[in-house]
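Per-chain residue numbering starts at 1, and chain names A, B, C and D are given in the order in which the chains are listed.
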Amino acid sequence: MGKKAVQDFIVIENRALNSSNFYIKVKSEFKLPDLKPGQFVNIDIKDSSEVFLRRPFSIFEVNTSENTIAIIVKVLGRGSKKLTEVKVGDVCNIVFPLGKGFTIPQSDERILLIGGGSGVAPMLFLSKVCGLPPENLNLLLGARTGEDHVNVDEYKKYGNLYFTTEDGSLGEKGFVTQHSIFTSNLKAFDKIYACGPDAMMKAVAKEAKAANVFCEVSLENLMACGIGVCLCCIEPTIHGNKCVCSDGPVFNINELKW
Amino acid sequence: MGKKAVQDFIVIENRALNSSNFYIKVKSEFKLPDLKPGQFVNIDIKDSSEVFLRRPFSIFEVNTSENTIAIIVKVLGRGSKKLTEVKVGDVCNIVFPLGKGFTIPQSDERILLIGGGSGVAPMLFLSKVCGLPPENLNLLLGARTGEDHVNVDEYKKYGNLYFTTEDGSLGEKGFVTQHSIFTSNLKAFDKIYACGPDAMMKAVAKEAKAANVFCEVSLENLMACGIGVCLCCIEPTIHGNKCVCSDGPVFNINELKW
Amino acid sequence: MVDLKVKIDNLEIKNPVMTASGTSGFAEELMDFYDVSKLGAVLLKGTTLKNRDGNPYPRMAETASGMLNAVGLQNKGIDYFIENIYPKIKDYGTQLILNVNGSTVEEYIELTEKVNELENINAIELNISCPNVKEGGMAFGVSCVGAEAVTKAVRDVYKKTLIVKLSPNVTDIADIARSVEAQGADSVSLVNTFLGMAVDAEKRVPRLSTITGGLSGPAIKPIALRMVWQVYNAVKIPVIGLGGIMNAEDAIEFMLAGATAIQVGTAIFKDPFTPLKVVKGIEEYLEKHHISSASELTGALKWQ
Amino acid sequence: MVDLKVKIDNLEIKNPVMTASGTSGFAEELMDFYDVSKLGAVLLKGTTLKNRDGNPYPRMAETASGMLNAVGLQNKGIDYFIENIYPKIKDYGTQLILNVNGSTVEEYIELTEKVNELENINAIELNISCPNVKEGGMAFGVSCVGAEAVTKAVRDVYKKTLIVKLSPNVTDIADIARSVEAQGADSVSLVNTFLGMAVDAEKRVPRLSTITGGLSGPAIKPIALRMVWQVYNAVKIPVIGLGGIMNAEDAIEFMLAGATAIQVGTAIFKDPFTPLKVVKGIEEYLEKHHISSASELTGALKWQ
């Protein structure tokens, strides 16, 4: 009991990161529990005649002394659009903490984190808190054009940053799986983590599997409840259908039927 | 064609008149048509998960040079509550002008206008524009307590003001039909107009009928469309069911089956 | 340029957008806002043989994403319509379709014979599905036997396009659709309203004078869409889809599920311009997706 | 102090608020939020004889004030439940009611016999109304004959409180309710989900892997409320009402219309605390209106 909560947070920041992504920070009046990279929150979209259910978002930043959580919201449809219209001072009702996080790497391991679209959020969170020496941590971010990349300068101190864009306007041209760090020697990594569009994660998983490297992906299946009671968000695994919201959203690729 | 419109207005003022009534003024970028006392507007309540249909409100003030309309909103339930939360600059979508207005008195007639609750709005509008000499115009407003009365000082210049409150805290104690101006000699008036709670209008109508004085009331039946197509707002009359939205909202009491 | 024209039997309509009966009066009120000749068709208010006062007030209650109504077919009867309304509206330049209602098979016949004479009314919509009248109405629409009887009787006397409007308050709507098709209906329209109820918890009374009434609006859209899909897969005659259509996207969903044309009902109460906006939205969708004609959308859902 | 206790046949429940089957797992997940012993009952996830994988993803689509689901009774089967889940939840301190599902009458019987042995399960809810499975499921629930057959067979072997959950996808739900009452059901619960459909207009595909699925949430409340009212007026056994209940006011509306107890389903997805809030809200309503016991609300609607 009390492991999960439904709480009102106050919006203390909401700013555009680029044309379609927003940074939203909310504050609780209560002490936050321990929150892990890969976990998510389920947000009530207030005052919308079109949105009925909550919308899930990965935790991007946590400040346990300020009791704040930040998320990155990409405007996709009705709910995300409405959410990015919140104003500082607005109340935001959140169910949290949800899901299980990534396997934290050991301090001597070399890891590759791959983020695409709003999937950068959990990757950045993981790179910040996993406590690896920066030389062991490689962060590869993919987007369509340079404009779609959110500013991640701050994360330089946690590891090596690499970019791909489909039009070549930032970093290497192509998809993340075409980046030199990915194509050169995948076996050089002890662990690979990925979050982003399904197609991207599947491409990463295929190569990781071939190279026999540990790889975890974070899925974004459509959800109704977010707490494991409705069985709507399922993903087929070798152990049968699993709930992305409560058994995941992080899965080892060897478990998935990809 | 083009007699009625669906238009976006901009909210330019929203202030509390007392604990439950708000004054909301909206501005159009287009020239307003002629708007008569007794007519109403049908307002879309934006961003509410609970409100589906529009809500009708009597026109309270019109400024044809500024192209503004003002209404008085009493907080009753979900829609009116939400509407009073609009902020200056918000867009407010309005269907107008709806319904038929009051019969305008002739310049030598003596009239009595009776308003209760949010029913004061059309009465004040009528007293302002009917063009009678102030000594011929009597405005009687009823409420539960003094606090429920909105400030109408401005209307002193259009006629004589009288008040009743149920607790006697302002004007005479009791209902409007117990006020001395009403009980003394109803036949002294050429025309009586009333808008307010059903019970009040029925009480007024009863006495007016007994005294055989011309009397119009403005009804507030529940509406779905506001434009005469759904037949939900009907009121039985001697000529069969009539639509309050398109045949009214103003009815001569002799037509009603009260 | 995309082609918006569609056909319901022999009836040519300039675009697939109609207003639903009982939600657009006799089109006169919409003319206060815009020229209805831009619409595919206007379904006129439900008409009966004799004058009907309808049900007592209150007749409506708002619900989540919808509303209940208990109008009960208030209208002045067919003779009044023919003398006083038809002359005013007959040249509106859009297809006018009369929604006809009876309490007995004989009434339906008598009514239909009168409508036969009206030159500018090229189709009728047989309402066998109104939940708001005690006699007749939905009773015919909820059994195959009842639906067949009315359809057959009317088909025998009515020469122009015969659309039968189906009730959704049934176990198997495809069955009813097949029955009326077999009796010669040229088209079916669905759905009418769902029988529902609303209660005032504080006052502990029903919100409608009739206790129960008909539910319409976006709330019912998923069920209406499923029924259109089932009926489309069960009959060969064109299907007219409705129930909660608020915008062009909704309309397109109904067409993909099998509708040849659609009707906009309750949405008119929110915005009288909705039908016009839906026409525009369908046109834009066709252009965007490089589809040359609206009729190609019918049943174009991809599955399996 | 108001009395919240109500009785469903011999089953005493501490308050009229239950969670709906399939929307509250096996109660374990709710325990992460609060102590479920504060609820009247928890309806456990729909269980079948053998393991069922359910339907493919995607299984849900949001709709206006509601959602469609196509879960298809995914569960590990009754034996797994008895060995692995029952021991963990049996002392949760609330009435645990198992929702049982079969594809054949024999399956229902075999399943029920196993549940008979579970000491802390004092009632079953017979689901003859699931729209999301191909065999059995709703097929039993949409005809009186089918409903009677299952109810009779289960009644013969089941000794404790037998609740039959009715499908709303029927022409006359009161008829089905009377049939199961005649076969010995101790109570009926209604409604299950309405068969609906959602389409992605841009991609021109159905939003559910199964094309159609079950509609739940506030959208269906007016229809559910009407059905509860009809069934309450048709049978003598207690009625359990559900369908779109989001708060105490909704719950009270169902009780006024005839429900002895109510279930909260989809609302749990929006806020897992909803059932608890409804308990509190009913208590406050009774106090405010000086009503001494929750059971007095049942059928207390004033009309005519």
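Just so it is clear, a residue touches a chain if its C-beta (ideal position, glycine included) is under 8 Å from a C-beta of that chain, and two chains touch if they have at least 3 such contacts.
Please read these numbers as outputs of a predicted model, since none were measured by experiment.
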Which chains make contact with subunit A and with subunit B at once?
none
Label of the chain whose CA centroid is most distant from the centroid of subunit D
B
Taking the mean of the C-alpha atoms as each chain's centre, how many Å separate subunit C from subunit D?
34
Approximately how many whole Å separate the CA-defined centres of subunit A and subunit C?
47
Please tell me the distance, in whole Å, between the geometric centres of subunit A and subunit D computed from their C-alpha atoms.
36
In subunit A, residues with contacts to at least two other chains:
49, 51-52
By the touch definition above, subunit D meets two or more other chains at residues 63-66, 217
Inter-chain touches occur between A-B, A-D, B-C, C-D
List the residues on subunit C that touch subunit B in their complex, please.
22-25, 29-35, 53-54, 57-60, 62-67, 69, 71, 74, 217, 266, 268-273
Of all residues in subunit B, which touch subunit C in the complex?
1-6, 44, 50-54, 93, 95, 221-236, 240-241, 246
Mind pulling up the subunit A residues that touch subunit B in the complex?
47-49, 51-52
Touch list for subunit D against partner subunit C, complex:
63-66, 68, 142-143, 169-171, 194-199, 201, 204-206, 211-212, 215, 217-223, 225-226, 229, 244, 249, 252-253, 256-257, 285, 300-303
